[in-house]
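If you scroll down you'll find the structure; I have some questions about it.
Think of it as A, B, C and D in the order they're written, each chain with its own count starting at 1.
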Amino acid sequence: MCGVFGAFSKNGQSVLEDVYLGLYALQHRGQESSGMAWIAKNSAGCELRVTKGMGLVHLALDQKELSSSHSNCAIGHTRYSTAGGSFLSNAQPITANYSRGSVAIAHNGNITNATGIRRYLENRGAIFQSTSDTETILHLMAHQSHKPPLDALISALKTLKGAYSLAVIINNRLVAARDPWGFRPLVLGRRGETTYIASESCALDIVGATLVRDIKPGEVVVIDEDGEKSLLIPKETERKFTCAFEYVYFARPDSFLDGKSVYDVRKKLGQKLAQSAPCPEADMVTGMPDSGTISAMGYAEESGLRYEKAIVRNRYVGRTFIEPTQRVRELGVRIKLNPIGEIMKDKKIVIVDDSIVRGTTVQRVIAMVRESGAKEVHIRIASPPVKFPCYYGIDTPTSEELAAARMNIEELCKEIGADSLSYISVSEMLDAIGLPHHNVCTACFSGDYLNGGKDDELDL
Amino acid sequence: MCGVFGAFSKNGQSVLEDVYLGLYALQHRGQESSGMAWIAKNSAGCELRVTKGMGLVHLALDQKELSSSHSNCAIGHTRYSTAGGSFLSNAQPITANYSRGSVAIAHNGNITNATGIRRYLENRGAIFQSTSDTETILHLMAHQSHKPPLDALISALKTLKGAYSLAVIINNRLVAARDPWGFRPLVLGRRGETTYIASESCALDIVGATLVRDIKPGEVVVIDEDGEKSLLIPKETERKFTCAFEYVYFARPDSFLDGKSVYDVRKKLGQKLAQSAPCPEADMVTGMPDSGTISAMGYAEESGLRYEKAIVRNRYVGRTFIEPTQRVRELGVRIKLNPIGEIMKDKKIVIVDDSIVRGTTVQRVIAMVRESGAKEVHIRIASPPVKFPCYYGIDTPTSEELAAARMNIEELCKEIGADSLSYISVSEMLDAIGLPHHNVCTACFSGDYLNGGKDDELDL
Amino acid sequence: MCGVFGAFSKNGQSVLEDVYLGLYALQHRGQESSGMAWIAKNSAGCELRVTKGMGLVHLALDQKELSSSHSNCAIGHTRYSTAGGSFLSNAQPITANYSRGSVAIAHNGNITNATGIRRYLENRGAIFQSTSDTETILHLMAHQSHKPPLDALISALKTLKGAYSLAVIINNRLVAARDPWGFRPLVLGRRGETTYIASESCALDIVGATLVRDIKPGEVVVIDEDGEKSLLIPKETERKFTCAFEYVYFARPDSFLDGKSVYDVRKKLGQKLAQSAPCPEADMVTGMPDSGTISAMGYAEESGLRYEKAIVRNRYVGRTFIEPTQRVRELGVRIKLNPIGEIMKDKKIVIVDDSIVRGTTVQRVIAMVRESGAKEVHIRIASPPVKFPCYYGIDTPTSEELAAARMNIEELCKEIGADSLSYISVSEMLDAIGLPHHNVCTACFSGDYLNGGKDDELDL
Amino acid sequence: MCGVFGAFSKNGQSVLEDVYLGLYALQHRGQESSGMAWIAKNSAGCELRVTKGMGLVHLALDQKELSSSHSNCAIGHTRYSTAGGSFLSNAQPITANYSRGSVAIAHNGNITNATGIRRYLENRGAIFQSTSDTETILHLMAHQSHKPPLDALISALKTLKGAYSLAVIINNRLVAARDPWGFRPLVLGRRGETTYIASESCALDIVGATLVRDIKPGEVVVIDEDGEKSLLIPKETERKFTCAFEYVYFARPDSFLDGKSVYDVRKKLGQKLAQSAPCPEADMVTGMPDSGTISAMGYAEESGLRYEKAIVRNRYVGRTFIEPTQRVRELGVRIKLNPIGEIMKDKKIVIVDDSIVRGTTVQRVIAMVRESGAKEVHIRIASPPVKFPCYYGIDTPTSEELAAARMNIEELCKEIGADSLSYISVSEMLDAIGLPHHNVCTACFSGDYLNGGKDDELDL
């Protein structure tokens, strides 16, 4: 759950503002910290510079420094913690000047054998500055300082297991890399002489670039003054693992990932849900803002029920707005969501949401909606039950905290206080996504992991 | 365009967090500055305290001070500048300790004879600290220091022309006051022993209070340990002036103003629009996020056309996010709005918006939608043309800048690049609102002002 | 205990940096808050602007705003609270735009009838924004808005009792005013076409200006494009009240006040002390840093004893450096002062200080010096015992807290743990100062107040 | 030019405040950045924590975090840049968690073979986070991760050339280490159950500790629950290199370094100067504040001339107080120093300073003093001419910028505008210091470097 963005301009135009805007469009992928790194050319040659901070892009980055700088090669990152705690030292891009020059890395995903690699390198004298799994990539490169840096990067990538979509700067070159399984998305874009890489295509739109193609699983694209060069990391398997949860919840609806429109997938998920779990006696359909809205519209369309925007979201809700006092905890979701009572009074309501994780939000919303006078509340979830943790970069809780792992659907329905609760099946979800079924990772729904769900051992 | 909130607890419980939450729910009414004032009781008696700052509630207020304070009588304000420039000294509540005690005032609206009153008072030795029209109320009170402060307040209110919905603290009493014309909304709520006043009912929901009733035009409600007492400011006229633009655009959809649900009004506005300005050949309806969404749903429902959420809004858009460089200006609305091209490709689209003010946003969105491949773009506006400035607290531009004042509908349609453009009529709007027609202010649409649209002269 | 500075340039050169530097040189007169006000000329005419803040000059003032502004007429203030608490709203200059234009006032001193004036004005509708006595001057001016502002100022000054040395801006004129008793210093300086006013002459040195003369008691000097004009406030008495404590402690040694060198006075105070309170058996003389240093040198010179800088002061000591924990309180003065033990070992030491107020510092220093191995510690004070509070602007404590008011010299000697303790007499001090005896205020030593030591009643 | 401090308490008392106070007393050794590191014990075991920042101690350190923490083992650092630029990443202590645990290092001095070591380690995969020479020590330790950390530290120290006085935390032990030549000072102190290490003894005074002894050149002292253990780094030479400039200028006068009182040395330097370079016709002696004051007193005493504090220093002068505009540059030293004209008028003045580096300050002071009316100005320097750069931690400029390296004394006298200029000789200085001559480093005066003055080569 992170966003990466990179830009390289062949005609020397500064791309710093583009990267800033790109991160801004990827803010939904991470609000904990943000950072940018770039190559500044001055009389003394090239210098790698960086600005990082906690919080949203506009707070985290030093806008004064950015506006007084110029660079034709830059990357950026928005972070939602997966591996490594919530400290500034874990903010990305992570950077280093080593014997072969300057490197900066922005990483989306989660390296499953990072602990083993780290132990190996520390025993050989490496000093880690952060607890982030991303730093292992830098050290693997430095550990091969006899190779040219690009070779050292590819050699490092071969060592990694798990998920990584990377935007990298190596000595004034921009490099995009995606793990051989293609867990997390990564796209290539272009506007005039400038080439872009981004976690999602919506970040290309904001800078006026067009989507060229997705970076392929296992592909490394090197972008410099001479154009683009595509290299491939040798794969062990032909199976891909495109993350289903990106379509279900995580990506922005205006993005296209691996050729599929997220909006379209969500609408279809709602339609499938209406087919397999109808609720003909209901008076209206509404969506949990904002994640369930599009599927709710699909459900309404398919079922012929009326769609109402019956739950309003306070658009100024942020993460840090208020100290979590006892009173605030009691108020809970009411601080960000407010049902419009009048519409719901004495009505039978279908509420569509994208997924249930811990179950606390949906439970409180049902209570609120009942207080507002609704007669019946039927919950429809536009994905299968989430029963397994994700090891590839989505910040899901452990199994003990996952509501659908602790109880069956009937028990869960009772727990959250709904009149009925239905999900779609994994195969219905895969149909809605529309990619070949064996190329989609459904591990959090099915437990079907790349490697049996355990930490990978080191295999250098 | 401001929000006010106040709370008084009879059982001594602190209401500071409630006021904070209430302001949070009213953030849409003003993001320029925020403030709170409260009565702190300590060994030395009662003391009026205040925290104010520029920007959103959570940035503007000193949360440390609030969490270490206790008060059973507090008010707050979120400000979008109307009268007076954008300075901290104009942030509200404005406060003073004068010979009769402590006063704090939070004001929504615009006092049309403030300039005259100010000139009068300055000639008698008054020193104004701000350029805000609200400060005149304080000075009018101090000018009558021979009267008890509540009488001085009512005497001051009698002098005022124009719009004011006030939350006032006078020596440990909470006072709500609404001008005799009822321009701006003001509601009364209750939870247990605590009484609330708020610009909109959605702010009562967040603190778990129930809506008791609207404060009546010309009513002054005094809330203290002894309960509530209602007083009336003598009116010159029976006609009321409830602001139509609150329903059309300004209020939150989950609020009830003067007995009417804003959501319901907006849906009806869309339905009326579908009746009077249909577009039968269109393939789909979408709304301008977020202001046009509900009316668009009403339009789709009434017309039988498919509704799509085809334009996505970046939910992290804030006012201060980025320096307005040349590039950012060129990007314009693309930074906050992104059309989903695939859905629109080769389609005839109806876009519903709440209103057109300067016309720049709709023009750029039409261009973006056409670039995305739409075949036809039909604009439907769920209110009449805005042709006149507002003198009562909505921050509209001058007539020269109002698109619909400079040209007729045909010219405007051409200017913004639409295939067709339609509005509803004033009477259709009034029907949708559902209040008696002569009790609604439509001045910005019709030019029908309280006082002919000119600055009021002083009349002490 | 405040510093004021003002500058007016006839040739249009900006004086903002000069005022900043002047305040910097007057920092010793107040570290609680600082401020500057100036006339900014722009297309719309003249505008009064202000920057204020808590703390030292370089922290309190907005240097970015200052460096981007231009003004030929500016004043500034450094504040050590006398009347009014420690709040930003009490920081000076205080400013107002009233019916006759813009006024800014920076004030050193204390107006003894401020409370009465305030009560009078509040009953006539005035609203005070601060608790500072200085604001009464502004309101007295506004209260006479029928008069031209300069006449209103002089009329206001006639109403005041007590001490004031003022730097005032009135509509692009700079005005210096000193009360008829001349309590606090105020000097006039010049460099080229620029005229300066300052609390002390050391502030003229820093801007390269020469000292023209002292502003006379009761004089009002108006400085504008036409040059300087001197007016006189009618006096009730010929007796002056130049503050003796300025020479003893408060002013910088490189200043000249009312024609007398502070350095020279302090040296003479030490010499007189050596004559009247010798200590022939002592091995060395040292001064309490930094206030007693010069008198200690005078004492050593006159007595023939060796002078050593045996107590070292940490030059980075500031007011806010550390939270006052229990441990820090125990350490007390050791945090800022450190005796050099080796020098003092087995020696008989004379320590000269300027005065004893509460007696706590000298007590702790004596303990420290004894711990360092000194055999005898003799305290010599280069002024008479401070027994009475100051009502004219020096922030002395009440009589109960003044050590010399609570006990006689013998008791005090025992209390602080000295082997001997001596002061000089009031007449010796007056001889050292060298002004006519009846023109010096010795109230804090002698109780000889302007008005019997009580709050003055209002006399409009 | 840095200060280090460390504390370890055997009875579990927190030493964080002690370290804060110690740094405060060592502020004169570095104002660019400050930092503290400590071992925090919690349920999960021991954790190394750190707070660092730019600027003075009270600004740089997070006092809130410090006051809410508890630790019986902590170190701190105040930095004046020597090796490595002025960045936060170069602030100390530098810290790392490596395979053998946690290490934090605070370093005073300059490692002359750091560049070579760094190149060696980078070629073996090390990634440096800063440009500071201190980081090489950490990497040398990590490079020997097969050894216990204390052995790895000693092994690392053996590799180093140049100057280092270190305060180190290794896994809840405090370690003090001083290079075999003893360039920079380091002392051991004690108060009750707490042991301290400090750059200067004045920092022991502030925490109420007593000076136990100097850490010996080449000594490593390990302090933990079991008490203190002293180890020795094998030396190549018996010659020591105690820095003369510490006595001349850098250390605080209330410190004792290698058994000698700094105050006493400075006084003797002034006396020697009076003997070898008398000025019998002079009317008075004064010192350049504050560095020349004590030697000036020694000069006056020895010569029988009158001592006056004729140049006043603004005690609020800081490094960042004002933007260096053209005007400020012209004012130059006048902003911080002000001569008292009256005393100097028509007099022949001897000004004593500790040293001349670039010569600009003394030149401007002479000009100021002449403007004040002095008849003759004779400069006496209480050390030999500074002709060579320092490679051992004093931040002197290159030879081209050293005034005494560019010209002979006669030329320099003319350049600065003095009537006469005299220095003392190296052997007079050594006599005043009082240590065996061959144990004192006089490289900046004599060019007699440890290693011929060149960068040391790597010798692992």
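Criterion: a contact is a pair of C-beta atoms (placed from the backbone, for glycine too) under 8 Å apart; a residue touches a chain by one contact, two chains touch by 3 or more.
Predicted model, so just to flag it, every value in this text is computed and none were measured.
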Other chains in touch with both subunit C and subunit D: none
Greatest separation from subunit C - chain, by CA centre: A
Fraction-based call for subunit D against subunit A, same above half, different below: same
CA centroid of subunit A to CA centroid of subunit C, Å: 62
Gap in Å, rounded to a whole number, between the CA centres of subunit D and subunit A: 51
Intercentroid distance (Cα basis), subunit B paired with subunit A, Å: 36
Numbers and ranges of subunit C residues touching at least 2 other chains: none
Residues of subunit C touching subunit D in the complex: 17, 20-21, 24-25, 27-28, 31, 56-58, 63, 67, 202, 205-208, 252-254, 256, 261, 263-264, 290, 293-294, 297, 301, 306-309, 312, 314-316, 318, 320-323, 325, 327-328, 331, 334-335, 338-340, 342-343
Subunit C-touching residues of subunit B, taken from the complex the two chains share: 96-99, 119, 121-129, 138-139, 142-145
